[in-house]
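Look for chain A in each of the two complexes below; its partner is chain B in the first and chain C in the second.
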Partner chain A sequence: MRVLSTIKFTVLRMVRNYIVLLLLLVVPILLITFFSYILSGVTTETGVPLRDENAMQMVLVFQLFGGSIVMYMIYNDLFTENKMRIYSLPFNQTMYAFSIMLCGAVYSILLGVILMVYAQLVLGVVWGNWVWTIYIISLMAILSIIVCLIFTFSVKKYKIAERLSEVYGVGFVLLAGFFFPMPENAFFDFFGTYGNPLTLSIGAVHEMDQSNLGEAWFQANILLGAIIILFMVMLILGRRRMG
Partner chain B sequence: MTIFKFALKRSFSNTTNLIFLTLFPIACIFLPNGEDWPFLPYGYQYFGILILFVGIRLATIILEDREKGVVKRLAVAPISHFQYLSQNLLAYSVILILQCILVVFGGVLYGQELYQPGWLLFLFVSFSFASLAIALAWISIYRKKDVSFLVYMSLIFIVIILGGLMIPIEIFPDLLKRIAIIFPTFWLAEGLNWIVFGENILDFLLINGVLWLYTIIFIIIGSTRKIY
Partner chain C sequence: MTIASMQGVVKRYSSDIALDYVDLDIQEGEIIGLLGPNGAGKTTLIQTLTGMTPFERGKVELFGQSKNPFSIQNKERMGLVTQEITVFEELTARENLHFFAGVYGLKGEEKKRRVEEALEFVGLGDKGAKMPTKFSGGMKRRLNIACALTHQPRFLIMDEPTVGIDPQSRNYILETVKKLRENGTTILYTTHYMEEVQAIATRVVIMDQGQIIKEGTVEELIKTVQHEEKMKIDVTDADSVPINDLEKIAGVKKVVLSGSQITIISAVGSGNLDRILTLVKEYTGVLGIQADKPNLEDVFLTLTGKQLRDKGEE
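So, the complex of A and B:
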């Protein structure tokens, strides 16, 4: 368990990366604030203030981009810059990779929770079910990390993997129809509903707010299933790349 | 015009740039119409965002030169800083103008309802120049291109929302409505509204004038920094 002693430094490196903090904390805070000013007083058909709805969507949207820091650290430590050093250390490299993933997930979830707290305390957004929302945020964070790592392992050039991770984030936001309505056919219908982690997570939080337990668990479990399958894929790809 | 030629070549050599410069504008043409808002098809409402991104991608090439020390070599070469900058900017403007022409006339051919395509093209070209100038001023305060791009990206998100490009400005609270005027995206949104409803040509020229003013100011800011 010598890996444990590295966790402190992993955390420090993550916190010191101010670009990530800017993109995943400051920008969403600004956006949520602006939107809540713009949308104050408007309600949806179900009577929920549009502001609350929007804050929830923002928190989940920015989880899509949470994997970038893990991707960067794994690539740096295990494939390029620090490769020699890390491999000469007397600990299990696989465990080290997992510890980075775990730290990244916790960090990403923490940022999400900070956003939630900010929205509640400063803007007065009411969160239906804290525990459930945090659970969904965790699923999204872990999924994003796994997807980013799959990109890192499967593409030769890191630059392209980075771009792909952005495509993953922006693409699913687009497919969810946030910017403009998607054309209606089988492909877009699937990726606008059950094939899209963003709509799944938003749906899960919604259903829980209206206490439709069955549907909420169903949507969350699809996410969990995707995580498990992609985790296997990631393990296989990662073994090939590292070995 | 050697630098001009190579600036053009370099802009297209990068895969990401190629996608930004060709695929995305073509995708813009085919986006659907909105229901109540925006008045123009989505692709044209959001084309401004793309112009901002293309602007920073192109201007980053100058930053890359600075990072690699090419600018220092240029300083001892028999070529002035003015020539280097003007030819680079000329190449980028040519690319941006071509892109605007592609989007506007592609839309006309495809049959999108664009009201006044000629003026729309003029507006996009003005905004392209403003975007390029802002990007140039932006990179002059950075040394690392990744950092400059990422921070600019987050800035774009905020500016397009506050400028009223993604949400109609009418529903903003008063304070935000007044603040919006300082963002170039606000003037783009105004211009797009003029394309649909406007009658008085002077209003439109005023809108473009403001964009040109942004261009001049930011070009001056951006061109003062030479080597580092």
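So, the complex of A and C:
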């Protein structure tokens, strides 16, 4: 397993990509801090501080963009001029791509956990079930990576894939009604409940906080199902593109 | 021992033929200078030899293996210096070498030693902790070479490793190539700089339009044009040069117009300089005339009717 020797360097490359760190760690920290001061003392109808609600939503929103680093590295190593050198090396290139995916998922989850720790220690945000929230963050991170890779494998121009990944992130935030309310009709209701990873993940965390285990697992399993189906789509597209 | 062999290899990109029944044998200890203009098929040949590009017909053999020539074991014995600089910009020079050394199966103290040796070998011994983004073009090129050396390959393929660097760095790289050969490495060196091939190659292979059109030592190839002479005429108005009429003059073998310079290859002793000049002067002003002994560039010019590189590339 020669690929194992590359993991340390993949992690180093991710950590040293300061733009990603800025977007996935510094910006959410600033936003969570800013909103926690604005929303200080305000509570929801159920009595939960809005500051906590907002922090949880922010952590999950930024997971929608977590796949960008994996997308960049796989494109850079396997689809640019680096391809020739990587393919001349005595290791399995598919395993190498998977190792980048794995590192990217762990990195993205870690950034989410750092945000949680910051919000709790510095701002006093109370996270209900830590393990469950981390599980949901993990699902969101993996889903984002898979979606970003599907875009990378299915369009020829990387810039277009990048824009599509942004549409995925911003689009679902928009559809979740964070910027303005969505129209109230059957389609938007159904899509908002079962088709939007952001609302599903927020819902899963909420339900777990209120001890509705069945509903929490149901929403999380929809995310898991989407991951499994899209992973297979990604494999087919990836094989076609890399083969 | 034959390190690499290609027999009748054909590769097409849709309707364009990139390798046209290529036959090539590379013996242990050789430095093969693979010479050709842009688009000649040099990079495709390398991609075929490294197993990156499937070919349609023919046979490739590496280290005596033809059944699975691109096996992991064979890849371990090969090194590739890519035309583009393919180092990781987020890793230091030393970390880059550790990445590649690890992939080639080196571990522990041996890996550390080989990495330091490779850095020293390319003259970056004291730059290991620096990021490639802080390097000059020449230093990046040298790091690019070092990445292919940590595992001490038996067969090293270098695809235009000196493109876009200063003469000093180029000389350093050429000296490095010579040292590698002294250490027993077989090298396939592609370039479109004729002078590099003249300086290092033990055998020269000339490619054009996907075909190997001539091969031999530098001396052997130059001998083939010894019965020819070359003159270069600088003119004021290149568009007016009567190329067709010049080609019809007795003894003239090739006429090539490059920028404002006409290069004419003609048979030795044909005594046609007067006629050529008179004809040229009828159409345009003459700024200068130069007569040279034939070199490898002239071999190429005679064989293909093309310059090895455009004026802009010089």
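By definition in this document, the second predicted complex is superposed on the first by the 243 of 243 C-alpha atoms of A that agree within 3 Å, B and C clash if a C-alpha of one lies under 4 Å from a C-alpha of the other, contacts with A are read in each partner's own complex, and residues count from 1 in each chain.
Keep this in mind: contacts are C-beta pairs under 8 Å (C-beta built on N, C-alpha and C of every residue); 3 or more make two chains touch, one makes a residue touch a chain.
Everything numeric here is computed off the predicted structure, so don't read it as measured data.
In the overlay built on the shared chain, the residue A:22 is in contact with chain B alone; chain C does not reach it. Legend: residue contacts after superposition of the two complexes on their common chain; A:48 is shown touching neither chain B nor chain C. In the overlay built on the shared chain, the residue A:155 is in contact with neither chain B nor chain C. Contact with chain C, but none with chain B, is seen for A:12 once the two complexes are overlaid on the shared chain.
Contacts of A:113 after superposition on the shared chain: neither chain B nor chain C is touched. Using the contact criterion defined above for the overlaid structures, shared-chain residue A:91 touches chain C, although it does not reach chain B.
If you check the complex, the residues on chain A that touch chain B are 19, 22-23, 26-27, 30-31, 34-35, 37-38, 40, 159-160, 163, 179-181, 183. Taken in their complex, chain C has these residues touching chain A: 47, 50-52, 72-73, 75-76, 78, 80, 82-84, 86, 88, 90-91, 95, 98-100, 102-105, 147. Every residue of chain A that touches chain C in the complex is listed here, in rising order: 2, 5-6, 9, 12-13, 16-17, 81-85, 87-91.
Note for the complex: chain B touches chain A at residues 15-16, 31-32, 34, 42, 46, 147, 150-151, 153-154, 157-158, 161-162, 166-167, 171-173, 176.
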